[in-house]
Structure formats: structure tokens, C-alpha cells
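Chain lettering (A, B, C, D and E) follows the sequence in which the chains are written, and residue indices restart at 1 in each chain.
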Amino acid sequence: MQTAQLIRHMRRNTAAYLALFPMAAIVIFAYLGTMAWSVRLSFTSSRMLPRNDFVGFDQYVQLFGTSRWLTSLENFVFIAIFFLAICFVLGTLLAIFIDQNVRAEGLFRTAFLYPYAMSFVVTGLMWQWILNPDLGIERTMRNLGFSEFVLDWVVNSDTVLYAVVLATVWHGAGLVMALLLAGLRGIDTDLWKATRIDGIPLWRAYAFIILPILRPMIITSLVLLSISIVKMYDLIIAMTNGGPGTASEVPAKFIMDNLFERANIGLATAASTTMLVTVLLIIAPVLYSQYLGKKGTTA
Amino acid sequence: MSVAETTAPSLRRPVTSQQRWGRIGIYAFLGVMTLFFLLPLYVMVVTSLKTMDEIRLGQIFALPVRPTLEAWATAWSSACTGLDCTGLRIGFWNSVQILIPSVILSILLGALNGYALSFWKVRGANLLFACLLLGAFMPYQVFIYPLVRFYSQAGIYGSLSGIVLTHVIFGMPVMTLLFRNYYSGLPSELFKAARVDGAGFWAIFFTIILPMSVPITIVAVIMQVTAIWNDFLLGLVFAGRENLPMTVQLNNIVNTTTGERAYNVNMAATILTSLVPLAVYLGSGRWFVRGIASGAVKG
Amino acid sequence: MTSVSIRNLEIRYGQQVVMDNLNLDIRDGEFLVLLGPSGCGKSTLMNAVGGLTDVSGGSIHFDGKDVTWLDPKDRGIGMVFQSYALYPTMSVRKNMSYGLRMARVDRATIEKKVSWAADILQITHLLDRKPAALSGGQRQRVAIGRALVRDADIFLFDEPLSNLDAKLRAELRLEIKKLHKSIGSTMIYVTHDQIEALTLADRIAVMKDGIIQQLDTPLNVYNKPANAFVGSFLGSPAMNKVEGQLAMRDGALTFEAGRFALDIDAYPFADRVESGQKVTLGLRPEHIVPADGVSPQFEVNLLLIEPMGNEILAWSDFEGISLVHRLSQDDNFMVGNPFSVNIDTRKASFFDQATGKRL
Amino acid sequence: MTSVSIRNLEIRYGQQVVMDNLNLDIRDGEFLVLLGPSGCGKSTLMNAVGGLTDVSGGSIHFDGKDVTWLDPKDRGIGMVFQSYALYPTMSVRKNMSYGLRMARVDRATIEKKVSWAADILQITHLLDRKPAALSGGQRQRVAIGRALVRDADIFLFDEPLSNLDAKLRAELRLEIKKLHKSIGSTMIYVTHDQIEALTLADRIAVMKDGIIQQLDTPLNVYNKPANAFVGSFLGSPAMNKVEGQLAMRDGALTFEAGRFALDIDAYPFADRVESGQKVTLGLRPEHIVPADGVSPQFEVNLLLIEPMGNEILAWSDFEGISLVHRLSQDDNFMVGNPFSVNIDTRKASFFDQATGKRL
Amino acid sequence: QEAEVIHFWTSGGESAAISVLADAFEKRGGEWIDNAIAGGSAARSAAINRIIGGDPSTAALFNTSQQYHEIIAEGLLNDIDDVATRNDWDNLLPAPIVDAIKVDGKYYAAPVNIHMPLWIWYSSGALEQAGIESPPETMEEFFAALDALQAADITPLALGGQRWQENLLFSAMMTNVGGRDLWTGVYADKDEEAISSPEFREVIETFIKLKPYVDSASPGRNWNDATAMLIGDTAGFQVMGDWAKGEFTQANQKIGVDYNCLPGLREDAPYVLGGDVFVFPRTEDPAQIEAQTMLAETITAPDVQVAFNNLKGSIPVRSDVDLSALDQCAALGMEIMADPSRLVPDASQMMNEYVYGSVQDVVTELWNTDMSVDEAVDRFGNALRN
């Protein structure tokens, strides 16, 4: 690109450049800066405070020798798959059902959305209670005479992740619903008419016509859910604290524990760098096709 | 809803049995889901109305024997968070003070970024956005140390503007994503028409694009109000002692490790704290407008 | 092949009543063209027939069966929307075939039908594009295609050819006519193109403000407009209207407007008229013809001409009454000069000034 | 008042080249009508002039100034989009006044202009509605109104009247003409309505596949089409085309097609022609007229007639060549019978078969 | 003097205790600005961030593990040597406490209380129902009691299945089965021999043996819910710090009547000294330094110590205080403290946070999986060697 052309381009879009300036500044200083900083720290032996003694890949070697980290990764994959799938499907269904001109829509919408207003701490605590065999559903059912009733997900190492997924779905499905509802409401009414004339059954209309149009919203909600999975921390703390044993440890908790309680910044940043690279590997192709491959609409 | 209301005077679409079953199915699904979503709320409310003695019995689903609002009163005005036993009341206004500018600014910036990204060509902007999005996957905690350093150099550490800026920084990836993807579904002809009408970058944003963003703005408000209102960590670190948000108190009430735990007060405090986001959710309904872009373009 | 009867139809958008007590009978296999000024309720009526608008009163019957509340998909309808309403995420091919796939038509048939329609519509090379990558007229053709492939009993076309060039429009008009002949479905067709209306229609329904003004064959609607509105709505340029009154002069019924007097004994009045009655004379431009030197002629003042390719439009003035008429390039005229014309009173129309109704 | 010159314009959508090396000069204050088949690139060209499409090559000049990269808002244009592009959240009034508000025109003037335009467009009663509550034609009128109120140097109208009824269309056509006269802006106007094209245009540009085929006055474009495509694209029904060859017969230049032979000595050839050259004869329907008994006449076989209100279209056959021509209700004809016609060779067109160019 | 104090004592009882400090400080003419932040690590990192951000608080509640040493090394703390020498802390405070807070010969922290995290609490009612006449004094008796409780359909051991609680239980086995030498050998010296010793294996085995005595709903349970089981007589024993007293008191339970405490299950059971200290972030402001000095003086004053620890449930850091005001268990604790041979520092003070965390990881896995003793020994070794 010639300079003259570049200048012309810049002049034509001055306002856009100006408007994006805060974002650029924030990205460069806050995000790229911090990311670089934390990647750098992951090659040092920093403990509680950052240090500058480079130790190469020691932290990574240590990290992948830590069984708790490996468990965390496994759990992460499990939660990611199930949470993403269930939360998305449920949220979408809720949005679609609410969109059917139901009465008391506001009530339903709020009922599905309110968990989102609850802090993770309370969410975790509540579900820990409800699923606890001693307090919650199991005990209630047994008191009602179902003496064989078992619901001990949260205290059982093999099933505790189901409980975590349940709680996170409870917390997050409302947001997916709200997002998709906003999208659904934007659909032109004429399009609905066309589907009705074409005799397209409702579910098919949603699956093959409406949802594809909502693709941007779907991507948004999937990204949001993914972020919440990668960052999932408080809920685990409140609900299981990683237990029983280390059965529900997650990467974010590992990072946080090492960042604070265990004052091992080097290891924490190594872990977060690992997560970052993982995310990058997964979303890079998506990002590329979404944002870099496609040009904007105007000059 | 009374029966009289359901049989409205004017003509009504007669319902076939298939449709009736369809409606029943919809309501059944929504009903079951509502139960699922409300179950924890029920437990929270009941618990908040119980005395600690009753709670120690461990019957979380049981209705309170002698319901009392004492816990609520305590949570609001006399729960102790360290030395001052003033409940949540104190932090409330701080939270509001943080909430309003943070929500407005972060949404405005997110919308602006989304607009500039999807309608204007700015060299490298998409790459920046990709970095921003990647950064959203990093735990906040990793940012804290460098940000604290930076803020203290900039002289805004521990001030209202500091915490607002922090929320803007951390809200930016998700807000930008939200708006950017929403805008990619809007007909670009409108943008073109506005340019022909002589509107510049800002005029188009404020007069054309923002008014069409109502549904997504509502989602954005929901997300940011929730995130900022519920934020504890950032407020704690960046707000300064005079501006500590309500959640710091909530956390102090709920999150004690070795002190005694008053579950009833915890629950009351939690419900109280979530009232503001809940109010926002409830009020958001009428803004989920149907067909906001209807009638705009043909084809 | 379905007859459609609409009984006392009432439709509102909120408070606003768009149509009130509309009645219309469409015969089995008929090609009905809906004509009317913009905003008169044509699309609304189409939507009601298609079951896409909730009616607030009245009923719609197909073949005698009340379908007022029947689901659109069970009505056997193909429709071209005025706004196209294409599925934006699907290719042209999918847009066109989706309805068939829903009806579980087998693959080969779908393939055949789509390529048949694409061929007619000349969009074969666009089949794999998304609507966003099409020009306005191409989108419109996809919308037509989507309807054409269906084996519907009733086709609803809402200004289907408005964005196409004249040549293509003529070709497609013919195709639609052919299609109608071959499958014999009932068709309801909205157009603003009078040639389309006149060439396609078995009958034309002229609407205004949600009320059907006349429902008749094209020729009758054109030549014998039921009221002044219909008279002036059809035809381009519009019918000349001269306000005046009836009088008996020399024993012959005469129309008088100022100094203009026309012997109208030959006019076949449908209603009783009386001398002194205030009437409006409606005269199509082509009924003012260059004088043949035989019949009584009028001398008009040629003010302005507009060459239209195959003919010339002329604006003239006769004693303060302005008239539009047609000339051919061969006629001998000069702008600014007088010009003699004959008026064919048998083909004129008279309307009551008070009611606007044809006399 | 701005002249527009387009130089070597190239536009692509991705890989697809929509126009390549297009040149066009529009004079200051000219009313240029763009005609062309659906998908030929008319809207694309308009968008390029408006600065709404990125051009991949060439340049656009207003009054000699290169504006290829100028922001749309600085070009002084008013535009009616084919897809309307109304602001869905604004009332009709606001939609129309938006451009003026952006230009910081004072309130009173805005008020005045909007009500003037609304009045012309007959949408005064709709001013407070949102676009979603309008009919198709009403939306289109709002889109026109939005452009009309602006004091633009160049107006771009992309099929502005396509969804309006004939009457309104005629009225608005006149208003646009008036507007053009009074403010003298340069206007570029896309239409598929040939009456519009012929009555409005100072010059017509006929496009095909992104290439301008002819740029000339309406009469010339109609009567002297530059090539076979233009000849058959304009006029409805289309020009008759007869393929044949030139020959000298009895010392006179003759056109022969099978058993059909036409003396064309009177035809003013623009190019050199030679005997034996393969040519196409283009004959407009109105140039085949009922025989006057004087000029050489042909006996055609009347196959089909189509009454069009003011005239009748006839499809006839002459020795295997099918012809369309016009009849009037007064002519003496009978379908299925022979009918004698004259052919006006001076008004015919001849095209080279190989190149399609007018001879 | 204004003194802003960051601490993590947020619950009702804790607040009451901290207000003793505040009142005393204000009585001396200072002004106490309270900044309570729940959660030790949250409060600590807030304090550190404040220092880094250039806006340090006057004092902050801290603990004396690795972090403490690191911030001292970074020069982020003021020392309070003058207060210490004036009050002769070297002799007044128990040796493990002095060892913990004195770095490079200087005092950087003022101790405020001593917690014994390994009390064994029991419900008198539950024991009675199970027909246990007297509380167990040895490990054998303890197991016998557990069996008896089991037989009586009472949960023998109330445990919250959280990492730190499981770790308390393990530590209790370390002290009561392993004894003082093993405690220091494994935790302080990380001695390979101690780790592979039969004594340590026995600790692990005993720990494993406890599993059946815990109910299945234990995982995730909060410590106070476990205490509530004792209060409700549905469980027999709980290993928990002295803060559990608060929970009993809240439920109107009488020490010695409804419940009681055991310091250990053998004569020489080591007495673990945990506790909280206040640190004083670096500042040059003389007014602040004065406030820091005054705070350190106030906190460690004898009367303040008694009043404070009574409310907090812990015991005073100095031996020269009036014992009469202390409750039964605290008095017992003070009594044991008089014997230096039984005192050991808390595990957290013998390892850096990371190592201690890794040890806890092993403990929790040991408790929650079928880890073999050999593997456990192995894992402990790895964790400790880090």
C-alpha cells in the first residue's frame, strides 16, 4: 500500500480511528502488555512478587508434573464440553419457547435469568446444599419414604462434575436465553410469513432458517460461555472447593491458588499461559475466519 | 390470571387439539424449567426467613416454623463486616456510584467499538479485536499486579475513576464482541443511506445505529450491571477504601472461613444484593422489541 | 384449483381499520388481478387469504370450507411477497427448493422443478449465490421462483414483476399466463402495471381504501368503469374528466360544460338520468381522435406534446377544459396551433357527480 | 449542478467483475436515465457515484474534481435506494428530515420542506408512523421523500417509482420533472418503465453486463438503436427482428428473408453495406401499420390479438416470420384471417448480424 | 493517630474481638479505621496491592509464612523492634512465635493471638448416648469410642470434606500418632528418613482408618455445619481449631456440659501454635510510624490480650496474663503452653505456601481416593521436596 493511499484512507476514516483509539490503547497497554508480562513471568521463579531470574521452562516442567494440574485439565475438558453443550441448548430452547407468544413472558424470562444475578459463591453454596445427601433432595425424598433414593453427585468423586455442570448451567442458561431472545426479536416478520407459506414446521424453521440468521448471536453466546468456563473459579470454591479430593479441580482455581494462597506466581503464570495458548489454538481458526478473513463493509 | 381474561371478547383463533397440546407442551416445559430455576431461590428465601437454630436442623426445603425478617434486617443494617456492624446499607451507594458510570461507559465504548469494527474499515482493528478477545480468557487476577502499578503511576489508584476505568477495561472484550456481532446482522444499506444523508461517523452511531441496538443494549446492560454489581475483587483492589462496593460487605458476611456462619443472614444479604440486577431484568422486558429493523429494507 | 370467497372481512392494525366488511368471490381457477392505489390494502388482503394476518372479523372460504383460522401451510398456497422475504442464509437454490423439501417431494422432482423455474426466471447462473449477492431484480426473481416451484392451489403474487426490466417482465408475464393455463390454479395477482393487469386477468378487482370498487373483466373495467375513481385510476395517461350537466337540446340529450356541448344520444345510459343532472364526462385519451372530417368535430388548442416512442401524448385545451389525447407521428399537427378532433361518445363514460357512480 | 465523469471504472464483488472499464459523461444539470436488464450493474454504478461501493479501478469526477475516494456525505448527493433503506426506528417525518437535520438546516425550513414533499408524495397522513407500519408503496414514497427534501447537486434515483400505482407514478414523474427543471440538479435515474425513461430523460444510457451500449436522447435510442440489443430492449412489445440478408434486386437495395423481400432504398444506412451481407431487420410494432392501399403491402396472417385498453396487440405470421404489431379497435380485422399491412422502411433498423451493430 | 487496619475477621464473634483492639487503641488516643475483607488471601493480597499501589494501610493482619519473609525481603514492611525490645518480646513470647516473626534479628510483626487448630471436640450428649463414660485419652480409646458411636448410629466423626479440614484431621494424626519429632522431622526438616519412617506410615494408616467413621455427606461441608452435628448430638467428635467454641456458644451450649475439648490423645501430644500477626507496611510518614508503634503496643498489652482472646476463642500470646478470665479450654491451652517441650509451630510456618499447599493436595487425595500407603509416602515426599 502506498503512503498516499494510506493517508487518504486514514483521512477518510479519521473518526473511526479516533473512536477505536481507546480500544487500541486498552488492548495494547492492558491486554497485550499484561499478557506479555505474565508470559514473561512464567519463565521466572517468581513467588509472591514478580522476580526477574529466568529459569527457562522449569515452571512448565513443574506444572506438567503436578497431578492436580493434570486433573484440572481433564475436568476442564469435561466441563467445557458438557457445560457448553447443555447450557447452549437449554438457553436456546428457553429463548425459543419464550418466543412463542407465551403469557407472563416477563415472569418466565426473569425466572430463567435471575440466577445470572446470583454471585457464584451463593450459587455454589445453594447447589451444594440442594445436592448434599444430608440436607437436600436426597434427604427430603427419603423423608418422604423413598428410602432408596440416591442423589449424591456432589459428594461423590465420580459424579461431582455433573453437579458442577448442573450449577453452572443453572447460572448461565439465562444469559444465553437473553442473547438469543434479543436476536429472535430482531427477525423480520415477513420472514416468518415466508416460512409459514412454505409450510416449514416451526422447529425446522428455527433450526434451518432462524438460527442460521442468528449465527452472530450464537457465536457471541458460545464465546461468552467459553470465557466463563476458562475463568470458572468462584463457583468451584463455593460448591466443592475442588473436592472431594481433587475431583473437581479446574485450571482457573489452580492458577488462583498459586497466585495467592500458594504465592507461586511463576507457576500460576505458566498455567495461565498454557490456558491462553490452548484457547488461542482452539479459537484462532475461528477468529481468523470471523474477523480477519472478512473485510468490513465499507471504505 | 383469571378465566375471564382468557376469553377475550373479540374473535380468537380457534385452537385445534394439536395446537392445544402444543401450547400445553410449551407451558409444561417452561413450567418445569421454572421450577428448576426457582428451586434454589426458594431455598434461599426460606433459609433467610429461618432462625439459625432452625437452620441447624438441616431441613433446607422445610418452610420456616416461625418466619422472621430478622436476618433481612441484620443483613441490611447491622451485619458486621469487621468492626462496623452496619450491614450492606453502607456499600449500597458506593456500588451505585461505581455501577452507573461503569455500565454506561463500558456499554457505550463496546457499542462504539462494535460499530467501528463492523461498519468502518480501520486497518488492523480486527487484529486488535482478536487480541482483546483472547485477553478475555485470562483471569482478572493476572492483570491486577501490572494494573495496580500502572494506576499508581497514573495517580488513579484507589479512586472512583480507577475502578470505573477497570470495569471499562474488563468489560471491553465482551461488550465489543456483543455489539460487533449484533451489528453484523443489521442491513448495511441503512448505514449507506445515512452516509448519503450527510451523517458522519458519530451522527450515524448516535442517531441510526444506537437506536437500532435496543435489544442488544438490554443484554449488555444485563451483563454489565450483573458483572459490575456483583464484582468484588476489582472493587476491593481498585476502588479505594471510600468507594468499596456493597459486595465487599456481602463477601465479608458470606465468606468467612473460621468465623461462625449465619446462613440466614447470608441468604438475605445475597438476595438483597441481587435485587438491583433483578430489577433490571424485570424492567428489561419491554425493551426486547420485536422486529426492530422491520420495514427498513426490501429484499 | 380452489374458489375463494371472502365474507365481510375486517382487518385492523391496532386501532386502524384497513378493511371493513370486504366481500370478494374468486372463482375456481380464475386469474384475479388486484389493482388499487398504494396503501389501499392489497397486500393486507393477500396476507389474509394466505392466513398470515389475523382477521378481526368475517371469514374466508376455500371451496366453501371456512379456512379463516387454518394454518397457512394447510391452505395450499404459493406466495410472492412484496418484500421478497428471502431466507438470507440459504443459497438461491435452497431458497427455492425449501418448500418442496418440506413437502417431502423427492429429490429428482425438486431438482427438475428448481431448474425449470430458474430457467424461466433466467437465474440459473445465480443458483449458488446467497440473496445478499444479488441485484434487486434478481432477488425478486428468486422470490417468484420460490412460489413457482410449489404445486399450490392458490398463488398469491404481490407485485412480482415490479423490479424487472420491461423485456423480462413481458417474458415472465407470458410464463405466468402459461403456468396458469397449464396447472389451472387460482391466482391472485397484485400489480401496478396495467398492461400486466389487462393481459393476465380473467377479472380485475379495483380496490380503494379497503373497498372493492369494481370486479369485472379487464375490458369492462377499462371501458365501463363502475365509477369515476375506477375510470381515472386505470389507463395511462388518465381518463379526461369534464364536469358538466345533462340537458335536452334540440330534442337530443346533450352534455354541457361551459361552452362545450356534446350530443350524447348514442350513449347507452345504464341508469335513469334527467336533464339538469350534474355529471362528469370521462373520456379516455384514445377516444379523442384526429378529426375524420365527417363526424362533428372540435377544435382544440395543442399546448404540449410528449413523444412516447410508439405514439405521442398531447395536452390540449378546449375552452378552458384541458384534455389529454394521443397522436401518432403521422398526424399533422403543430404545437400551439389548433387541431381538430372527434370525440367518440359511445365509448365515453358518464358518472354522477354526487355519487361518482357510472350512469 | 454538477457534471459527472466516470473514467475506466472497474468494480468487483470479490472475484466477480461487475463492470470493467466503464466510461460515462453526464452533463451538468442533465437528466440521465439508466436502462438495462436486471443485474446489469445499474445499482452498482449508482452506488459508485454515491461513494458507497469501493471501486477497484478507475475514477469518478464531479465537475472535473476527482471524488473517487471522497466521503459520501461530502459529495452533495441525494439518493433513493432500490431497497429503500428507511431508518426503522424513526417516524416517516424523521426519516425525511434526517438529511436536513444533519446539514443543520433550520427547523422552519425543515418543516416546510418535509411537508412540501409529503404533500407531493401524498403521505402527509403517514408522517408519524414508523416504516414498519407502511405498505410497500408507502415505504417507497418515504424513500423518495428523503431524497427530495435535500438540496443535492446530484440525485440518484434507483427505481424510485416501481412499487407505485400508475396514477401516482404519473403524478410523481411529473413532479420529478418539475423538480429537475426548477433546481436543475444533475439526476441519474434507474427505471424499468420505458415511459418514465422516455419522458424524463435528457439522455438515456442503455447498459448491459456492465457496459454502456448507447448513450443518446430518448428519441434516438428508441428510433435509432445503436445495436440489436438496444433495439430489442426498448419498446414494448419488443421490436420485431427478422434475420436475412441484403441483395440488389431490380437495381434497388432489398432485404431478403426467405420469401420476404423488402425494398429498402429509403433506409439511411450509416455504414457501408454490401450485397449479400447478413443483417437483421428490426421493426417496431407500430411501424407495421394497416395497409393504406397505396404503398407496397404485405398480407400477414393474424394469429392472436391481445386487447390492451387503448390499443390491441396483434401477433401475426408472414411466411414463417412472426411479427407483433398494433391495431386499433377501429381496424377491420379478424383473428385467423389475413390482414394487409404496410411496412415503413425509413423507420426500420438494420443491424449487422455478426456484430449486432446498427448499420 | 489514624490507623487503617486491614484484616479478615468479619464474622460476628470475630468483629466483637477486633473491636476490643479498636477500643483499646482509641482509648490510647488513636483513631482506628477498620478495613475488613473476608478471606485471608483476599485480605493479604489487598494489603500487598495497597503497598504496591503506593497507598499502604497502617497495619494488616497477616500470617508468618513464606509471604511474610518475601515482603520483608522486598522491603515492604517497617520493623517494630523498638516496641519488641521495650517489652522484652524475646522472653515474653513463646519461642515458636518469636521464631516465626523475627526475621534477620528484627521483629516485623506484632502477634495478636495463638490458635491451637487441632482441638478434638466432642458432644457430651452423643457420647452419653453411645454409652461412653469418659472421654478417650489415647488413640485406642478414641477408636473404641468411634466404634461405640457407630454402633449407636451416631456419626462418629464430624468432618467437613474440604481440603483444609481434612488437613486438620491429618495434622491431628501427625501430632497424636506421630508425635513432636515426626511433626518437625517431616514438616520442618523435610527429612527423608522421617518421611519414610514407620511412624509416618502409621500416621497415614491411622488417617485412612478414620475414613469409615465419617458420613458420606461430608464432602464440601462447612466446618460449622460439622460443628452443628455435635451441637445436635448427631455426631461425636470433630477436630477443629479453637474458633469452634464460638459456634457452640452461639447455640447456647455450655463448655463442659454439652460439649468439651481434648488437646490431644496422648500425654505428650504436641501443642501446635498457630496464630495471627499484624504487619506494618513500609511508610516514611512519621505520624503513621507512630501509629504503627502505638498499634503494636496496644495489641500486645496484657489486658487487651485477655479481652481479645476471650472473644476470639484463642489464647493470649503472652504468658503473664490473668488466667481467671479465660474459659476452660483456653485455660487448658495456657497451661500446656507453659511446657515449651510440647510446643510446635504450625505446619504453615514450616513450609512455604506452595509446599504446604502441595502437602494438603496429597492429604485430600489420600482421604478421597484409594491411595495406598506406599504411594502416599511417595507423594508426601515429592510434595515436601519441592
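Here is the rule we go by: contacts are C-beta pairs under 8 Å (C-beta built on N, C-alpha and C of every residue); 3 or more make two chains touch, one makes a residue touch a chain.
Owing to the predicted nature of the structure, the values given are computational and were not obtained by experimental measurement.
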Topological distance between subunit C and subunit E, in contact steps: 2
Chain pair that, of all pairs, has the most C-beta pairs in contact: A-B
Most distant chain from subunit C by Cα centroid: E
Approximate Å spacing (C-alpha centroids) for the pair subunit C, subunit D: 22
Separation of mean Cα positions, subunit E and subunit A [Å, integer]: 37
Chain centre separation in whole Å, for subunit E relative to subunit D (CA means): 93
Separation of subunit A from subunit D, taking each centre as the mean of its C-alpha atoms, in whole Å: 57
Subunit D residues counted as touching two or more neighbouring chains: 52, 71, 82-83, 133-134, 136
Where subunit B touches two or more other chains, by residue: 58, 145, 192, 195, 200, 251, 254-255, 291-294, 298-299
Shared-contact residues (touching 2 or more other chains) in subunit A: 9, 134-135, 188, 190, 213, 260, 298-299
Contact footprint of subunit C on subunit B as seen in their complex: 10-11, 13-14, 298-299
Residues of subunit A touching subunit E in the complex: 47-49, 62, 66-68, 128, 132-135, 152, 154-157, 160, 239-247, 257-258, 260-264, 267
Subunit A - residues contacting subunit B, complex: 6, 9, 13, 15-17, 19-20, 22-24, 26-35, 37-38, 50, 90, 93-94, 97-98, 100, 102-106, 108-119, 121-123, 125-127, 129-130, 134-136, 139-140, 170, 174-175, 178-179, 181-183, 185-190, 213-214, 216-217, 219-220, 223-224, 226-227, 230-231, 233, 252, 255-256, 259-260, 268-269, 272, 275-276, 279-280, 283, 287, 291-292, 295-299
In the complex, subunit D residues that touch subunit C: 13, 35-39, 42-44, 82-83, 133-138, 140-141, 158-159, 162-170, 192-195, 198-199, 218-219, 222, 232-238, 284-286, 306-311, 326, 328
Residue ranges of subunit B in contact with subunit D within the complex: 187, 189-190, 192-200, 203, 207-208, 211-212, 291-299
